[in-house]
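Letters A, B, C and D mark the chains as written, and numbering starts fresh at 1 in each.
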Amino acid sequence: MPDPLAEVRQELATANRILANEGVLDAFGHISVRHPTNPDRYLISRYGAAELMTADDILELTLDSKPVEPTSARLFSELVIHGGIYQARPDVHSVCHHHAVSVLPYCITGVELVPVMHLGASLGGKVPFWDSHDEFGDTPLVVTKPEEGRSLARALGEHWMVLLRRHGATLAGRSLRECVFRSIYTCRNAELQSRAMAMGSISTLSPGEAELCSSHSLTPRTLGRAWEYWAFRLQKAEAATARAEPRPPRAKAGLNKAPARRNKAPAGRGKATARPAQRPAASAGSGGRKVKRAGKR
Amino acid sequence: MPDPLAEVRQELATANRILANEGVLDAFGHISVRHPTNPDRYLISRYGAAELMTADDILELTLDSKPVEPTSARLFSELVIHGGIYQARPDVHSVCHHHAVSVLPYCITGVELVPVMHLGASLGGKVPFWDSHDEFGDTPLVVTKPEEGRSLARALGEHWMVLLRRHGATLAGRSLRECVFRSIYTCRNAELQSRAMAMGSISTLSPGEAELCSSHSLTPRTLGRAWEYWAFRLQKAEAATARAEPRPPRAKAGLNKAPARRNKAPAGRGKATARPAQRPAASAGSGGRKVKRAGKR
Amino acid sequence: MPDPLAEVRQELATANRILANEGVLDAFGHISVRHPTNPDRYLISRYGAAELMTADDILELTLDSKPVEPTSARLFSELVIHGGIYQARPDVHSVCHHHAVSVLPYCITGVELVPVMHLGASLGGKVPFWDSHDEFGDTPLVVTKPEEGRSLARALGEHWMVLLRRHGATLAGRSLRECVFRSIYTCRNAELQSRAMAMGSISTLSPGEAELCSSHSLTPRTLGRAWEYWAFRLQKAEAATARAEPRPPRAKAGLNKAPARRNKAPAGRGKATARPAQRPAASAGSGGRKVKRAGKR
Amino acid sequence: MPDPLAEVRQELATANRILANEGVLDAFGHISVRHPTNPDRYLISRYGAAELMTADDILELTLDSKPVEPTSARLFSELVIHGGIYQARPDVHSVCHHHAVSVLPYCITGVELVPVMHLGASLGGKVPFWDSHDEFGDTPLVVTKPEEGRSLARALGEHWMVLLRRHGATLAGRSLRECVFRSIYTCRNAELQSRAMAMGSISTLSPGEAELCSSHSLTPRTLGRAWEYWAFRLQKAEAATARAEPRPPRAKAGLNKAPARRNKAPAGRGKATARPAQRPAASAGSGGRKVKRAGKR
């Protein structure tokens, strides 16, 4: 019996790796998508870096960020960012949280991020700021409590992107592809605005231009063209390193226990596992015990 | 019977991928070439990212940007940029339109782009600005109407590069290789001018130097040396990722139907298709349905 | 009989190559770890670039930086940086010294490095400066004398990072993974602080935030997640180039004689050696004599 | 009978590709070495991008830049840069000329390049400027006439690096490896100085420090370590793309006819040619006619 969510898991895993490949996500940050048929659920990967995620790593959560099925997988500590926005915004179907180098300077200086070119207009009419210190005082800055998630969602309001002071950015989209597009092109717009500010005084899109540009970009046609490009780039990057094990050996302490179903279907990138002779040396592994086992091959 | 255009299609496809590999084009932007024997036609790829284009993706258009033969392929919405310039400038044989990161700050600030080193002199004596808002008011900024294309061509005038405010750049060349060279080295010049402006006051080439430098660079010898280099780099980049499918699976809705002739001759990069075992997982594919089909392998 | 240090050697070699792959170390710079059971010893690679190091290249030294066993391997000239800090700071279990591009501007200008985002808080409460000229006058700047090492350790004091004027940075950690994390994320923080300073006035974490953020980042869970990511990226990078010889031919003069044990167990990356047909041409080799020998294949 | 110059040719070809791989040379720029036994000769590659050069591409010239043996290979137009310096400076054994992005802003602004970190001290005590306009008025800026080469050599004087206004840099070394080291680390120093200047006021090495640092870096030990590292990186980069043809198809017009001896010994990278099935498609080739021939294979 086909898993009705298989396509969505696959697409979300690809979105994770696209955003890693395009430099938006690194060891940290995450992207989620609302359940396609049950608006009271959303999907997100297990705890870990986006670049490592495959369809098997995608979990299903309720909007208060509890796993629908019992799992031994570790969860992100900042799930309330996602749950909080899905609860507050029925029109949002995807959420991304990141700390990209191009956007962080705005979080550090408080300079407003404004649309400076047509593709950057996808940032929406306004990008508000949220400073956790205003309401919660000294914290580790990560957004882990439900009330923090709700506060951030209120700051986002009816917009599509919010900047977290001294921390990062959170974006929403009406679809996964819109959220990926907005994540990448707001980074581009941020980079261009910074470079332009270093050269002279900047001109921004007029409100009318911004709205027309955003509408033009966020069509299935344009989103599909960009997705096709990023997926092709990802595919090439992964082909170049295909001999790498699909995932590094896990740490001894069971850092990221995978959902039980993983063992059933080693599909997708798992093929590479069938070519052990081409594996890179265990030397990049994360622990010596693992290395010893590898040595038995 | 050999196709008299085969060489031109091949070279234009290579130019597409060179400009992607050198960071000038990404998901967006395009380059075209005038038909080698019929000056009332030009060639340009189907709708899509330059990095994906092969000779089979090249279409032939009239100067009012209509396909010469019926095609199911999607077309760029900004074709009038190309048609408009070919109509206005018989001496132009190639046109490129892009949004490169190095050049956009000039489009955002209005700072004049000037030749600061010998290779940058290929930008021509002057780089005018065009602001769509002046004549057309609020638009999505993309140049889609014939009158917009004509207006842009008038702004280009007798020059070789024009900057589109809050949008990008459009360049022309007497040949495809000249247009590629100008596209890459004006990006380099822009990057250097920005860096130099951040350090102190800049010195530009004298008008005499600029003219002599431009003449020196735009010879077949120098253009050939640069092309040989970029083609070698492209070749290496594509070899490193050769196991990648030549193109990602198409979206369900037939996002980019290819010209019928594609199915005849799966030459070129299509060879990789013959090694399915080396394909990266379908996980980078663009849609779930496609994934299922791939799963049948 | 298993080598009780094998795991540590392996992990330190991986740390070397992770820091190279992430742009912290290049031809110069080094990372060490205190001996896991004997606090009067530490481990560090032989003389050479971090990117080349495997477990076989790891040597064991006393805290006054003398090899425990006789070795024909060349040693770094700046070992006293490591020995000096291990002597002064029993709580330190790993030391890294580097000249990363993002951090050097602080060493050149004397601008204070401050935490501007949560992950950057791992730099600790304060990053002091050390100027070798203050105490030792004109030197080659490299830290080679025991008294220089002790002076630097005093400047580090109870902190976790110290900047060496006109030279580089030295960092410490309670574990190897903490030291790697701090090395990478202080580079990131430095880059972000520089970019933010170019745009406007910066806001830093409050002292309370900085302490909470640092504690949150430096847990085994978070350190493990980041390490898993960097190890995966390294693994992929090494897979892409696996046909490269594990190490370049040595220079004739025996530039880096390896410990004798190397010849016993050509494990790990050494597998690549078994595929001579895939070796890149000897043309990248470091000397002609080597080239001739290679020519006999 | 072994060619006494084989090792030098090999090393110079490697130096060409190292400088390309490290971003110093691109389509333009060149490096040469004085003949090891005949000080009245020097070696340099044929006309073309450094990244393409193998030992077979190295030519032998007199100090007035005439080929020692008749050749059908094209020559660089700026050979007089090399010949002029070898004539003026018997202590110089290697010369490099480049247009690297990090150094050009100094050529455009006239800001003095000064040592800001220990490895950058290899730039020597002072980096003078040369402006071709002062003596020769409007020119194409490229240094092609013997009197221009002599003028540039006079500007270099007893130093090791000279900046050419609105053009690039020329460096000299007592050996090939010293020249490569200086080329790479002056680019690094330039990048760091620019970044530091954007943040605050810079401190430079004291004259005494600069001299001691330079002496420390330019020993065979340190030069060997850096060369080992760059050669390893090159080897890995070339392994990743080994399926690429060793050189792209030549243009029809015989753009770069190779010396006759090339056909005898297709060694080195030529091995890749034996694996035609792995060649990337001809689509990256430089011309359609070539493509047709390739199709016959």
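To be clear about the criterion, a contact is a pair of C-beta atoms (placed from the backbone, for glycine too) under 8 Å apart; a residue touches a chain by one contact, two chains touch by 3 or more.
Since this is a predicted model, take the numbers as computed values, not measurements.
Residue numbering shows that chain B and chain D use the same positions for less than half of their mutual interface. Averaged Cα coordinates give chain B a centre that lies 43 Å from the centre of chain C.
A straight line joining the Cα centres of chain A and chain C is 30 Å long. Residue positions of chain C touching 2 or more other chains, listed in rising order: 198, 240, 242. Taken pairwise by the contact criterion, the protein chains form one closed cycle in which every chain touches exactly two others.
Inter-chain contacts occur between A-B, A-C, B-D, C-D. Chain D contributes residues 6-8, 10-11, 13-14, 17, 54-55, 116-119, 188, 191-193, 195-196, 198-206, 208-209, 212-213, 215-216, 220-221, 224-240, 242, 267-271 to its touches with chain C in the complex.
Chain C contributes residues 26-28, 47-49, 51-52, 74, 99, 101, 104-111, 133, 137-142, 165-168, 194, 197-198, 240-245, 247-248, 250-251, 253, 255-256, 278-289, 291, 295 to its touches with chain D in the complex.
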